[in-house]
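Structures are listed in the sections that come next.
Two complexes are shown next, each including chain A; its partner changes from chain B in the first to chain C in the second.
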Partner chain A sequence: MADTSKPATRKAAIVGGNRIPFARSNTAYAQASNQDMLTATLDGLVARFGLQGAQVGEVVAGAVLKHARDFNLTRESVLGSTLAATTPAYDIQQACGTGLEAAVLVANKIALGQIESGIAGGVDTTSDAPLAVGDDLRRVLISLNNAKTMGDRLKALAKIRPGQLVPDMPRNAEPRTGLAMGDHAAITAKEWEIGREEQDELAVRSHHNMAAAYERGFFDDLVTPFLGLTRDNNLRPDSSLEKLAKLKPVFGKGEGATMTAANSTPLTDGASAVLLASDEWAAEKGLPVLAHLVDAQTAAVDYVHGGEGLLMAPVYAMPVMLARNGLTLQDFDFYEIHEAFASTVLSTMKAWEDPAFCKEKLGLDAPLGSIDRSKLNVYGSSLAAGHPFAATGGRIVASLAKMLHEAGPGKRGLISICAAGGQGVVAILES
Partner chain B sequence: MATTVLDAAPSLASLYAKAALTSRGRGGELPDTRLARHGVTVDRDHLADYARVCRMPLADVLPATYPHMLAFPLQMALMTDRAFPLATVGLVHVRNRIEVFRGVRADEALDLEVWAERFAAHRSGATVDLCASAAVGGQAVWRSRSTYLSRGAKAPDGAPEADVDVAVGSLERTAATWRVPDDAGRRYAKVSGDVNPIHLSGLTAKALGFKRAIAHGMWVKARVLGALAGRLPEALEVDVAFRKPLFLPSTVALSTAEVTGGWDVAVRSATSGTEHLIGSIRTLKEKH
Partner chain C sequence: MADWYTNFANSGVGTTLTKQLGLPRPGVLRRYEPGGPLLDGPAVVGSAGQGRLRDTVTAVLRDAGVTVLSPVVADGDAAGEKLGAVVLDATGVSGPADLAAAHDFLAPAIKRLRSNGRVVILTDPPAEAESPAQAAARQAVDGLTRSIGKELRDGSTANAIYVPEGAEAGVAGPLAFFLSGRSAYVDGQGVTLSAADVPAGQDAEKPLAGKVAVVTGAARGIGASIADVMARDGAHVVAVDIPAAGDSLAAVANRIGGTALQLDITAPDAAQRLVEHLRERHGGVDVIVHNAGITRDKLLVNMDAARWNSVMAVNLQAQLDITQALLDGDVLNPGARVVCVSSQSGIAGNRGQTNYAASKAGVIGMVRAWAPAFAERGATINAVAPGFIVTEMTAKMPFGTREVGARLNSLQQGGLPVDVAETIAWLSQPTSAGVNGQTVRVCGQSLLGA
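== the complex of A and B ==
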């Protein structure tokens, strides 16, 4: 006999989202902390869905670059927000996968009937970035703090060398390889023979698509102005191939270098949040259901010793998720492939089209095949909006859910997000 | 009544110097003058500095106490004018009541006006209210009343009794303990421009009769609001009485109690229980 003590799993609904406009590093949000931005984003979501003083099942969010003071960041933000202070919260961190993984975690608890509603989010600041003292100085300061006598304190202080006083700047580099993420991406771009022009084309299209979406008011109920900013300030509606062609490569070396500041995402500040719920909860509150989160898959690659590209993990996650759902790569109406770098999107798609790669690396009889480019990132992606690491997932989930809702019932959308550490998260949404 | 419109905020440092030089020979009635500034815009970097020093979240809606930053220099100009009957040096801020009629956004240009009223008799001197109002496009959005006590001063004959008390209910439970550092006065002075020597250092405070530097009352008030961020109505009235000075450094305890329509609050010494601030925060129902 079936165990009836627990509800059968159900699909979590995406009710809507909110984000603040994304700002290039050291511009509009130079003075804002992670907590300021996440709190403002939660308050915007609360205002949009009338949740003032309401308790939701949980809030899950994270930041990639965190200060020591960002301890319990999400819970602290909830306490400073207009949500009920009795709303539980926790932090996660999976580099650029943080936002989407947070949505998956909330959706899973809803699916299991453990919660009825939840908020998934992410925030990052590269302006108010944590500076750490170097490891040597840190050890001296800890021993100074532990010293009991004046003599011990002086001994500890005597160990400080001038060179130790230079703080450690956070860098967008892999700890195990010492390479910047862009340098890793450049290696992959070279392996997959991704040209400069196709990267620039993708970047220009991202800007034009997003500008058009803003123009038609698509983001009106997805974005709340913050600190004087009403649109992402990285967005260049007048971006053109001619302008982009003039830029010098910044990642990769020598003649074959193709990656510029325009076809790579800039350092960005921002935050996003998505409201998920059971269908029953949404109906009870009179709130819409834009789409459901159908399934998700995370994968990791060995970019350190295994020779796979740092940002190629979504390529591996995809066939696993598609097989589990009995779907092919072509069974979707919209594709959201996070534009960490234009070359990453292009390498990802090329890998799925490559019979040898799909056979040898993914263990497939046939390649996953190609994607209809007219369905890819139709309202722009990270090259246009910018990429505040942990906030990108929430931006994509909320936008895609709205796109699917607008397209009508039964439409499917696919998300693919690559992350530092050789990880990747993919997900399916359905209206 | 005469209203003088100023183009820029007066410098507080020079007004304090003027106050020190012109404290003698004051007397008479309150002047009927008003000072005003039109189209005052908020400098977002300043707002960020203010939010940081008062431990408030950085947001687009101004903290209830922020317009005071913009109005205070005008009030100082009014008080240091020779026509003002009380010497500015030695004035003690004993009560501050702020009404926010609606949330004021940082991108709104404010028309500010300040005036003095209610010269009143107090058991140890006289009090006067320095008032301020802020309007956006002709609509009042914010108003404040700062009551100052001048010890030993005498209110004119027939003056009303001073009103310096704020009623609060029982406040037993400590919500937070704050360690207020030695430099709290200097930090707030840097942001607010309120460089009254009693806040800056032990030496300068001693010169004016205080045993140590004391925290700015408006800073304590702002920190209380910061501690209640996300739990406050948009239209509100925050009325606080500043009791005993908060000597620096100190460890103080914030007590809050949710009551019908708002909060009662108190800030007291964590060690002796000496009351520094008591206040009431209420949803503002009537529009003014």
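== the complex of A and C ==
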């Protein structure tokens, strides 16, 4: 008997994407807000695909660093864009996994037939970051606001102390360990014996690959200039091993420290968006289908007490997704492993190659094995472009979809993105 | 309005001052507005010789709701109703003697022409005349039209249409253009028609409805204005510009409900990428406007190869390559229109612009040479040659140079980007099928290169 309880699903198509050039913190976009950047990115996408006044099924996006006033960031950006004001939107946040997770959410609704089209995006600024008042001052201000008489107000004001006026600065640190993400990555790099030179090599390759892609016009229909910036300003086409070798380590301690400002991503501002749809919707609008989002998987690790590295969750997500799709790690034409740190990419690949780790931690009979490095981040990744946390997923999805489309039908691409909080998102695209 | 002097000359104090000082008195040009009348007053239609187009002309006017009056015969009958247009059918001239009738008709009629009036003279191409006398009479129309253009004031224009035997069906579109506000800054020009399958009519408000139009260099200036006008006339505009101009390009596309295509037209694969884009997204293309252009001015003796080569690559080679790729890729829809932007510099030459003028003259040669091949597939290829057009670029010119440049024409003012755009949009219309291989100057009858 046929299983009629399971709804028929379809694979969501990736039609295309848009992002603004990424800018190192406090440079070109120092005065731009998350909403400014996301709105401009949506408008660029609208222009590329002629969606003026169109209502798409849903817009899903998010930011990792967010002001309290931006509680409805995505919806507000939609209202400021040229999309129809009747386009629904919601915010999500899964740290650096935000952009890819947004794409997965949109794709799933399309797969279920709940929407025909949608936009997934992400945006982050570390230039226009929110500052919070300390908890002591916050309590005083709330009681001041609640005070009904002048006397109560004066009493509340009298509780303010100079020390309370120092704001809480946002920090790129894990709340439960107090360690910066880079310091966590350095621990993992040491565990997996990742050398300085191989990290620098990966970084140099990222810059060279991305510069070459820009030169050949690969990003012409993926990037729209913003505030005078036409390319990512972190990109160093002339990057070289010699130059990188001169840098002092910034994460990790002592002799064995290997992680520098060049083989780690800088704080970055930027936004990205991806247009997804059913094949029918795309055909009806005369829009291309670059690839389909086939499957995705998240995982999380216990980096607090469980002894696993903070950024190692994608390592765990991968075998689950591969098994579900009957694929091996080698069955792909392109690999996009987010370069949060060069050492993260290298630790991730080393873990998949390690028989003991794969058996003990992943419960596999055999290791996932190695991947062909010539298929890895072939048009550069976050070390070159920079990494505005929530915007990275959209950058990767749109670029990979275009790479697969250029390579022809039936090509497969793999995405792996690590995220704060010990989380990870992986996904498969296919042209 | 960008032209401060025209505004001033038409103000209360300005009118008095400019009159007393004998300064130029540019009129405020009547420009096309959707839904507006073809003319602001009645028209008269006359003939010199036994012309064959009088009925056609009268029909065009009546179809547009214009009252057609009988020819004004009495000399100096200036008391009658002011005229919106004077149209002379001179297709019947067989020799200079027939031109007396032209004078007899035009003189009293033009005396009654109102501001922003129109004079249009139709005759056959001199080259196809049966005798030297007939050729002389037809060629005389050229000098007549240009001189009337120079005598007219207050925004009025005079233009000629040369209609060979068999091309009569193509008269309506060009005639309507020269009568309308679309041709506000086209003055003293002649357009030679050729025989073609011309559709009987088109949507008056949206003549480009359902058409896909590519506009290169659309991010700003004249290109953005072309995109605006094409979209207003009903076209879906594919706005193309270099990736570095992508943000303003997106703004243009979003303003007009078009799409943005970031593409450096000089890239080796640019033509192929454009063809693939048009095929994939639109299944073909109806209109392509080669507007993208750059200047790299230097006196020839001081000009380096980079300046020369970059101007040639953008202004001429890219137009050739893309047009060829559209032909080869078989993406030009039936009735396709190619409109290339040339320049007054390409006709008159310009000091410091050897590269630019050469490239823009090249464009004129290109459309003339390609016209027969386009005619064979029921398509057309034409050029427009803008004169002094008020843009961000001219705003940066020194005051004196700019003001003198702007006045050296019969309309005594610079044109606006929209004037160039309107001419291009007209050449793109279905009923412009009889206009092919032509270069139409949008220069207010500039003294340069005339």
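In this text, the second predicted complex is superposed on the first by the 424 of 431 C-alpha atoms of A that agree within 3 Å, B and C clash if a C-alpha of one lies under 4 Å from a C-alpha of the other, contacts with A are read in each partner's own complex, and residues count from 1 in each chain.
One rule holds for everything that comes next: contacts are C-beta pairs under 8 Å (C-beta built on N, C-alpha and C of every residue); 3 or more make two chains touch, one makes a residue touch a chain.
Since the model is a prediction, treat every value here as computed from it, not as a measurement.
Chain A has more of its residues touched by C than by the other of chain B and chain C. Contacts of A:Ala40 after superposition on the shared chain: both chain B and chain C are touched. Of the two partner chains, neither chain B nor chain C is touched by A:Gly195. Of the two partner chains placed by superposition, only chain B is touched by A:Ala32; chain C is not. When the shared chain is aligned, chain B and chain C each come close enough to touch A:Thr82.
Within the superposed three-chain model, A:Val223 lies in touch with chain C and out of touch with chain B [touch as defined at top]. When the two structures are aligned on the shared chain, A:Pro288 is found in touch with chain C, with no touch to chain B. Overlaid on A, the two complexes show chain B and chain C touching the same residues of chain A, namely 40, 43, 82, 225-226. Interface residues of chain A, counted against chain C in their complex, comprise 40, 43-44, 46-50, 52-53, 82, 217, 219-221, 223-226, 230, 286-288. For chain A in complex with chain B, the touching residues are 31-33, 35-36, 39-40, 43, 79-83, 85, 225-228.
In the complex of the two chains, the chain C residues touching chain A come out as 236, 239, 243-247, 249-251, 253-254, 257-264, 267, 269, 273, 280-283. The touching residues of chain B, counted against chain A in their complex, run 44-45, 48-49, 52, 57-60, 106-107, 229-231.
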